[in-house]
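In the part that follows, the structures are each spelled out as structure tokens.
One chain, subunit A, appears in both complexes that follow, with subunit B as partner in the first and subunit C in the second.
Showing the complex of A and B:
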């Protein structure tokens, strides 16, 4: 866990599925293996976005609670 | 035939319900898990136009009702529906049509084949006499979209997760996304508090490396749920029954128990309150069940 975060995106207050779409668009600007950090709301966002990312072949590497939001670091899939 | 010759109780039994406009009836149709073919829907529409006022009502149990059928047309309407493979529903003190979500057939959360279970329940119990109405619901997972816990008998799919150290990257997503806080991290190891776990599969579905995996998959049985005048959520009778035949053995016991011990017009859940939850559970799980 020493990789640098290439991009950060605050999706606090952004509803499903727009939060996932924005995450996906941000990932498209990165290279495979790069790390993106997204800030997601607790609840629905945390239920849906990580799972959708997994289904698209990306990988969550770290989740940190920030109160009522979470910092989610995702590694872009191949 | 005069209106006074009608046997209203017999009609109710087959889902023909007298409206407050006394010459007219609602035709409640049979359904399982709210599934109809386009062809069936066309037939229902045709009958509604021919014998009713073209008015169809969607019931809370995923069924259809054709309203405003004049009593002189009841038999013809029924015959025409039955010839097209659409059976009549049920009303009164008996087992009603079975509600189900689509389950694993289309839903990404679905853990069990809800349609198969619903069909088997329907074939075994539909229209059987019970002390009061008896409703069954089958839901694919603990998201509980088909509201298994609001039915007299509910079947719910579930998984028991387990964690394997060698695949884990320690991202903490499981801790953050478990809806009931059943997962914690202690000394670098993830632990599941099984007494809190609701078997929902969110951890196993989300886990980026499948370090959380389904160790057990099965059916959870809920009894005595009801809405209505005196609402009561279902009591969990048994969790994660892995075998379909064992599930049906349990259900059989439940229904026979209600048929034996329920008082007239007493819903199953209220019977459980009267007898005592612990006693009922003991009888159903360990007793002869009658």
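Showing the complex of A and C:
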């Protein structure tokens, strides 16, 4: 993992679809290929947000369990 | 990105769209759209543009609300009868979305005032109900280089097209207003209320997509529908080199108004 995380967003407690909306807004401020870390709750958030990110052409780089939340690192698509 | 937490939530269903996103929503908040006619077409257009967060919306209409308008002009309520339409509409739009600044022009467009009214706007929606106004709006927009959406409805039928500088204009397709009396007005022929909603909403969607800059506008195409049998079709149209306003040798070089007999003005209600 040679790349640094450009931005990190704590979305613990933020419900669907607002967590995805905020993730999208954060990605808009980055360049293609940049990495963003989002902290997501287990359950609906983890089921939906990574899937939606993949559908929009972004890449999930790494998922780390932090107890009842997860750290998801996403690479901005083209 | 300057969206507030409240705006992120209010416009979340826009931001979720790949073709809109935060950047598209920002464009909407900075955009200026003018709606001419706050009747059957203007009512749904004004509500959807206000809901969408179009930052400045101008409303032009000299009429007051009539009881017979309420069957289709959904921005006006029973208690608004006899109030100026632009005031009635402004109140609903501001209540719907405080992000929106509504500018009112309680007058009819004519050859002397239209250029100054459209000057400050990015996109114009023709929601008028009569041919002289439709040709005047076309001519003013062509001469000023302003994009606009044409819309017309009657009984169960609707038609709409969008002009941007360089595309076919309304006069390329319809050279001049039809002879007096050849086409009845809504007050004579009737109109299914929902048809106004269908067409005004298409016009709002044209304005929104023009601002966002995504997708394909209804340029060089005329969309026609009949809501009695619920059939839609598209007719490809082309810029006419002989067009009297945007052709190679234009004969209309300044704004003119087609004749409008007094009796017609008195009996007319906005579509």
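In this text, the second predicted complex is superposed on the first by the 78 of 78 C-alpha atoms of A that agree within 3 Å, B and C clash if a C-alpha of one lies under 4 Å from a C-alpha of the other, contacts with A are read in each partner's own complex, and residues count from 1 in each chain.
Going forward, a contact is a pair of C-beta atoms (placed from the backbone, for glycine too) under 8 Å apart; a residue touches a chain by one contact, two chains touch by 3 or more.
Predicted model only: the values in this text are computed from it and were never measured.
Trainee: Sticking to the clash and touch definitions up top, decide whether subunit B and subunit C on subunit A clash or fit.
Mentor: Pair status: fit.
Trainee: Quick check for you: in the superposed arrangement, does A:17 touch first (subunit B), second (subunit C), both or neither?
Mentor: A:17 sits against subunit C, while subunit B stays out of touch.
Trainee: Once the structures are superposed on A, label A:50 by its partner contacts, choosing first (subunit B), second (subunit C), both or neither.
Mentor: first
Trainee: Going by the contact rule set out at the top, does A:63 touch subunit B (first), subunit C (second), both, or neither?
Mentor: first
Trainee: In the superposed model, which partner reaches more residues of subunit A, subunit B or subunit C?
Mentor: The larger set of subunit A residues in touch belongs to B.
Trainee: In the superposed arrangement, which partner chain does A:5 touch: subunit B (first), subunit C (second), both, or neither?
Mentor: After superposition on chain A, A:5 lies in contact with neither partner.
Trainee: Given the superposition on chain A, what is the angle at the CA centre of subunit A with arms to the CA centres of subunit B and subunit C, as a multiple of 10 degrees?
Mentor: That angle rounds to 80 degrees.
Trainee: Check the residue A:29 against both partner chains and state whether it touches subunit B (first), subunit C (second), both, or neither.
Mentor: second
Trainee: Minimum C-alpha distance between subunit B and subunit C after superposition, to be given in whole Å.
Mentor: 12
Trainee: State the interface residues of subunit C toward subunit A in the complex, per the touch definition above.
Mentor: Touching subunit A: residues 1, 3, 8-9, 12, 15-16, 18, 21-23 of subunit C.
Trainee: Could you pull out which subunit A residues touch subunit C in their complex?
Mentor: Those in contact with subunit C are residues 17-18, 20-22, 24-25, 28-29, 56.
Trainee: Can you tell me which positions in subunit B touch subunit A when the two form their complex?
Mentor: Residue list for subunit B touching subunit A: 169, 171-173, 175-177, 179, 202, 205-206, 208-209.
Trainee: What residues of subunit A sit close enough to touch subunit B in their complex?
Mentor: 46-47, 50-51, 54, 59-65, 70, 72-73
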